Amino acid sequence: MSTALSVSGLVKHFTVHAQGGVRMSVLDGVSLSVARGECLALVGPSGAGKSTLLRSLYGNYRPQSGSILVDHDGRVVDMVAAEPREILDVRRRTIGYVSQFLRVIPRVATRDLVAEPLIRRGVERDVAIGRAGTLLERLGVPARLWKLPPATFSGGEQQRVNIARCLVAEFPVLLLDEPTASLDRANWTRAVELIAERRDAGAAIVGIFHDAEVRDLVATRTHDLQPIGGSA
Amino acid sequence: MIETPLLQARGITKRFGPRVACRDVGFDLWPGEVLGVVGESGSGKTTLLQCLAGKLPLDGGEVHYDSKAFGTIDLASLSEARRRLLARTEWGFVSQDSREGLRMNVSAGGNIGERLMAVGERHYGNLRSVADDWLQRVEIDSDRLDDRPTSFSGGMRQRLQIARNLVTHPRLVFMDEPTGGLDVSVQARVLDLLRSLVDELHLSAVLVTHDLGVARLLTHRLMVMQGGSVIESGLTDQVLDDPQHPYTQTLVASILPV
Amino acid sequence: MIESGYNYAYLDEQTKRMIRRAILKAVAVPGYQVPFAGREMPLPYGWGTGGIQVTAAIVGRSDTLKVIDQGADDTTNAVSIRRFFSRVADVQTTTRTAEATIIQTRHRVPETPLAEGQIIVFQVPIPEPLRFLEPRETETRTLHALSEYGVMQVSLYESVAAHGRIAKTYSYPVVVNGRYLMSPSPIPKFDNPKLDRNPALQLYGAGREKRIYAVPPYTPVKSIDFEDHPFEVETWDQCCALCGSRESFLDEMIVDDSGTRQFLCSDTDYCAERRS
């Protein structure tokens, strides 16, 4: 089917017990769908729930109700109701997620970090390392940095490593949370090219793009989110 | 997807006199998964680990293990002979205190080779070369092969303990605070080693820790324990990024930023 | 005539029955250490009380007893034990291995091959072969029960790693009948091959530790080793200065005040036979 991702009636609120159990409602019945080759941009003001929605699609946040149906290996998996190991499998092979900040693992070299998702899928180590290098080069991360762990890199360099780590595996579904936020023009141009390529190759993408110019280049549709009345 | 869980726990309960250390704990562990058990002192996490590894008898509940040698077995009905055999072959147990998990008066090579000798390896040259291979994998110099762990640093002892446990390619490894008490840089090295070995050898593991950073790095799934009960569980990133239970929220909020 | 005031062979009848029961159990499970209720003997622990109790339980008036200590019939201990039995058991004694029906020995096996019908009684200090590797008795009993002897193999590994070869030269552990790990008492490893499928009955008595074990006639006894470091016995460049033997276990003796050394057969009877 051409619909890769279908969200229906998603409800998500947070209860902060340290503040007397105050409940913050963020999503109140969000529905949307994304087809292959589409890039859906989530738009809306700060606090509208864009990141929350993206994290929910990845299974990182747990919605209280609703469904997130993803086409995984010819089956339909509901990320809201799925078993933990199913979610792990979906993350391994179907949904890729670029977060806003790179989570740095001590001691692991940049190129190894980027190659990891491929190796976990069973790709031969040498092949994986090769593809990682190609991608890093494309994103403008110089070769002299490949053997270093990214902990000491600049924000922009870290973000490009983050993007490379996600895009190396060619996921059918991509979730991008402000992927170009810390990149200068020269670098985000490269990233945008890559994302557009994936979209045109048939990936279904949901993204948050703060920069309107970037959004216009990659998105095929937008979805509007508004904050729910109440404390944000 | 694999059909049978590697380890199935249901209703695990353990008492010490009137005190309930573990109350009604249950989970499924699948091949290739690392399950973290976090909690503060007295939460029951170490007791749970010892119950799962068959070191403590249960007061309630069952543990079933899908073994290569004997099929699916109920740990409670396992004879001592078979439990000890499993502990030497299909399981590993990495203790927090390496003194418990190593023979301090035996050389590094002897420590690593022991499990092989216990299952019948009788060629000295083979034993030595396998031990040397593992020493290198855990980043200890080959020239320390004949040295005793008494002359090793804490981090080296932990890495030796890991090698000693993994030499028989166990399917399930129990780890009790494997990096507890180590200096931060040493901890990073041991964690990195564990991370790559888990990946490379497709290990399943149950890892007990009080350190959420260790959990974030090494585990796929997490169970939070308080007062002997599991008060929250899920994928590690779910539990740490979207904590539901008040205690979990307190734990996560208490991590000192660097 | 036995000295008055003593029961035959010093021990009372019930004690002898108890020890015989222990011996039967030991023979039934070769190499397994059978606990027994050791009695107070007229000499302290460490002087052969275990061996004496076993001999006392089996000796009869028709027996001929030989007692050796490190291969010699004429050391103080061998002499006094032999005299003890001739007084309390009214038994014939001999120094000749071929004529004995019972041979009580401390730390050597006679060079002269034993025959069916003979019994050799070993004096044992520490019956548990794993004792110095695992101090807990509860644990060693479990290890024997489960046949978990990895720790012994580890000690051999350590020996090769430290010395380039298995350095143990006495009390060299053996596996009996393919099942139990046994200490053959502190005999030199030179004597270990003699235990394998020996036609005689081997009885082992440890008085202080209160254990009896046995190897029935013709039982396989194998010294443990590595495939690439196989078990080997001692050899000498010299031969016996008295009888010229190149096959027996030689003691190095200092024979005068200027330190002159000679190599002599440890087994005095064997040496004497060769010279006659």
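Labels for the chains are A, B and C, by order of writing; each one numbers its residues from 1.
One rule holds for everything that comes next: a contact is a pair of C-beta atoms (placed from the backbone, for glycine too) under 8 Å apart; a residue touches a chain by one contact, two chains touch by 3 or more.
Just so you know, these numbers come straight off a predicted model, no measurement behind them.
**Q** Please identify the chain lying most centrally, where each chain is represented by the average of its Cα atoms.
**A** If one averages C-alpha positions chain by chain, the most central is B.
**Q** Computing the C-alpha centre of each chain, which chain sits at the greatest distance from chain A?
**A** The chain lying farthest from chain A is C.
**Q** Report the inter-centroid distance (CA atoms only) between chain A and chain C in whole Å.
**A** From the centre of chain A to the centre of chain C is 77 Å.
**Q** Distance between chain A and chain B based on Cα centroids, please, to the nearest Å.
**A** That pair's centroid distance is 32 Å.
**Q** Compute the distance, rounded to whole Å, between the mean C-alpha positions of chain B and chain C.
**A** A distance of 47 Å separates the two centres.
**Q** Tell me, which parts of chain B touch chain A in their complex?
**A** Answer in residue numbers: 1, 30, 33, 188-189, 191-192, 195, 199, 217, 220-221, 234-235, 237-238, 241-242, 244-246, 249-250, 253.
**Q** Quick check on the complex: what are the chain C residues that touch chain B?
**A** 142, 146, 148, 150-151, 153-154, 157-158, 160-162, 225-229
**Q** For a test of understanding, state which residues of chain A touch chain B in their complex under the given definition.
**A** Residues of chain A touching chain B: 14-18, 55, 59-62, 84-89, 105-108, 119-120.
**Q** Could you pull out which chain B residues touch chain C in their complex?
**A** Touching chain C: residues 80-81, 84, 88, 103, 106-107, 109-110, 113-115, 117-119, 122-125, 127-128, 145-146 of chain B.
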